[in-house]
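Below: one structure, written as structure tokens.
Order of writing sets the chain letters: A, B and C. Residues in each chain are counted from 1.
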Amino acid sequence: MKSWPILALSAAVALAVPVVARDGYIIQLLNIAILNAIVVLGLNFVTGWAGQINFGQAAFYGLGAYTTAIATKAGLPWIASPFVSVIVVVVASLMLGLPTMRLRTYYLAMTTIGFGEIVRLMIVHWEPVTGGTSGLRAIPGVSVFGFGPQGQVQHYYLLIATLGFAILIASRIRHSVLGRAMIATRDSEIAAEQSGVDTIRTKLLAFMIGAVYAGLAGCLYASSIRFISPDSFSGTQAVLLMTMLIVGGMGSIAGCVVGAMALTILPEALRFLGQWYLVLYGLGVIAVIVVAPGGLASLVSLSQLRRANAG
Amino acid sequence: MNRILEGKPLVILGSMISPHVFAQTEVVTKSETPFLVGATNAKVTMQGSKWLFRTHVHDGQLAELIPEYLVKTLGKTRPGIMAVADDYGLGASKGIQAALAKLKVSPAAVASYAPSDKDMSAQLLEIKDKDADSLILFGRPADVTLVIKQMNDLGIKLTTIGNASIVAQTTLNNLSAAEADGGYAIGGMIPQTSTDAKIMDWSKRVQDKYKVPADNFTVSYYDTVYLLKSIIEKVGCDKPAIRDALAATKDWKGMLISYQADGQGDLAHTLGIYRNKGKTPELTGPIKESGY
Amino acid sequence: MGQLVVNGLALGSIYALVALGLLLIFNTVQIVNFAQGQLLMLGAFIGISCAVTHELPVAMAWAITMVAMALVGIVFMVLVYFPLRGRPAFLVILTTIAMGIVLENLALIVWGPLPVSLPSPVRGPPVRFAGVVVSMHQIFIFATLAVILLLQFLFLTKTRFGILMQATAQDLHTARLVGIPVNRTIAVAFAFGAVLSGIAGLLVAPIFLAEPTMGGSLGLKGFVVSVIGGFGNLPGAVIGGLFLGLIETFGARYISSNFRDAYAFIVMIAVLVAWPRGLFGEKSSEKV
């Protein structure tokens, strides 16, 4: 349960940021962070709640982005692109999900990695359509009946609104029958089955919803950053998304957002470290896993618990 | 690039990687800042930006000159073509095939390999099976090294000609003398084959300081900086004036070649033909783009 | 076409070695080490540092590398296994992936990004027969795989310690209860697992050159082989490895060389869909 004052405060801060921060570069960075947050929220359904390892999230992100880019460059009016992206992504998630529903941990991890690689290879080698390793540029922007956000700041507000929406839906699902089914599946599939939960259907739905989140984020990525390349959706990115989830706190909606923000901004802020950044990042992830596997969110709730006990 | 432009630079020295340049051209052109690049994709200077200039030779020239040298001077008539399968390699491969067609020569086989591929034996065998008498090889030092190595391992002996990767220090460091010997390359001129003591010394200092050998790009960017210096000394810190001076460059002497601007913004039109003697590239001679 | 078979088998032998290292660790502690590829890369570079930078004889470089990799294996165990004992598999996977990232970037810092070559321990002209060329190094690869398999088999079945390792692999808790020095067997598993990958690295570098990013792809192929062969199954890993090497080589030649890396995954997914326990089956149970 969230407390309203904190929510209101976060919203106020979020809305005030562009007023305070004049640097276009920072706004663009935040925009990317917000998009990542949406993708990680999607991942949370699959991994955080339903407990299924998924290294394919970056692939869905990429599929959404490329679908939108290709469609809008070919002349499709923007308003249709989110729908097209969702369709592509849902089909892909079924293609990944259906054969793998019975797989466990390691096999599932391997298969999702493999899925991600196959999608990436397809993007890289289908050059006439996807631009190959060079990517696609001059992608048309968001445009509804001729109106669209201009400049980084307007995009920022659009993305914040989308994030808010995404959080709202996630929260609704969390407290719904489906959400409880997901968590039951994560905790123990056998017990969940015994209690009447259709785990296969639950897992599949989690996969699809997660993919839809990533696909829509991809659509917005293509339309706001307006340049995409396969590098942004590689296996390394998939690992990064997973670490955002872990560091922020698996299963916690706020954790997803915090994790995504932190791990998008950190590499830029620490750019002076050069190659050492990745070394420290890897060690940092290990440290978090060892010391606080529940991520930052768990640290927060821990301190809340202590305060409650002390008071 | 947005971050750089916010600092309102006078001139931008851009990347040698064509996809980067393609992505950046629009926004740099809008800022009306001279943009000097070393990227070698032929289409870089066809984007129609009058602020973009290229001071390095490009793949369009290679696509013309490699087949010309192979057919006219080396007398080979059935080349196999092997290129890295990305924009860089495939673009060059298409250009090479077109140039061969103009010379009334058709390739024995056209093959490619993924940039991260490590095993090119399948493609090499195909080229051998189709009775090629030579090999046109277009890739980057890392993969070109592997192709040459594997060609030797398979016992395939073909006259090999390609881009500068064949004589690049990185490639030669990883090949034995027997493997490297005899390979031809046409490309931007490199400092290591110069007889000028000052150039040799410069090259050594680059290696010592940066732990990476000086190559054709190092030379090109070095020349670019000095070209800009001479222009700025003449016209001052005025972006449009610098642009106009760049467009009017004529016979400016760089380290190894002289530069002359053409209508599209290309300044480099002289390439070098190199041949490996063991692990050392030797300059066979300069070769100029037709019309220069 | 015979050439493709030879090349495919040589490639497959290397995949098999990576898988063997993976399985050694997995059988003992039920951890899939997603950094196994980076261990291969480390082996290659340590070998290069000895043989190329310090110009030691290749045989000595091999010896030093094997000892160094054993130590790396133990350090790996201390950093990764002990802190994460008992944690869900998912977190362990992420930890090993993170270790892989650390190792890869440390390698980039120390050795730089450019590819480097390593001489083969064997010299000599290639052998030719029936229109097929087999290089001395390829023969060496086959020989090394055979020797390692033989040694591993003898060790695990004929020596006392080897039998203890098998017992630990079957049931760690009971083994401890019965007084088996479980920590020692785990250490040996990690050490040997690292050495096996290191040897794979020393075998790969002469043909494909070494660069810090080489671990990712080779590691993944190793996992795929383990999956195809069925986790826990050593002969399966070898056959799976050779099989994958052949599929990749033939696929690259006759279907498309662009999707070379994808063949591994496609085969893996196909195998998993048809045989969820791998081609040769694996023992697995879920605790309720």
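Criterion: a contact is a pair of C-beta atoms (placed from the backbone, for glycine too) under 8 Å apart; a residue touches a chain by one contact, two chains touch by 3 or more.
As the structure is a computational prediction, the values presented were derived from the model and not from experiment.
Of the two chain pairs examined here, A-B and B-C, it is B-C that is joined by more C-beta pairs in contact.
Distance between Cα centroids is largest for the pairing of chain C with B. Centroids built from CA atoms put chain C at 33 Å from chain A.
Separating the CA-averaged centres of chain B and chain C is a span of 38 Å. Residue positions of chain C touching 2 or more other chains, listed in rising order: 258, 261.
Under the contact definition stated at the top, the residues of chain B that touch 2 or more other chains are 85, 114. Each of residues 125 in chain A touches at least two other chains.
Looking at the complex, you find that chain C touches chain B at residues 3-4, 7, 11, 112, 114-117, 126, 128, 133, 135, 207-209, 211, 217, 248-249, 252-253, 257-258, 260-261. Per the touch definition, chain B reaches chain A in the complex via residues 2-3, 6, 18-19, 22-23, 26, 85-87, 90, 114-115. Every residue of chain C that touches chain A in the complex is listed here, in rising order: 32, 79-80, 83-84, 87, 89-91, 93-95, 97-102, 104-106, 108-109, 216, 220, 223-224, 227, 231, 258-259, 261-262, 264-266, 268-269, 272-273, 276, 284, 286, 288. Here chain A touches chain C in the complex through residues 47, 51, 53, 99-100, 102-107, 109-111, 113-115, 117-118, 121, 125, 188, 190-191, 235, 239, 242-243, 246, 275-276, 278-279, 281-283, 285-286, 289-290, 293, going by the rule given at the top. Contacts from chain A toward chain B in the complex involve residues 23-25, 28, 125, 127, 132-135, 137-138, 227, 229.
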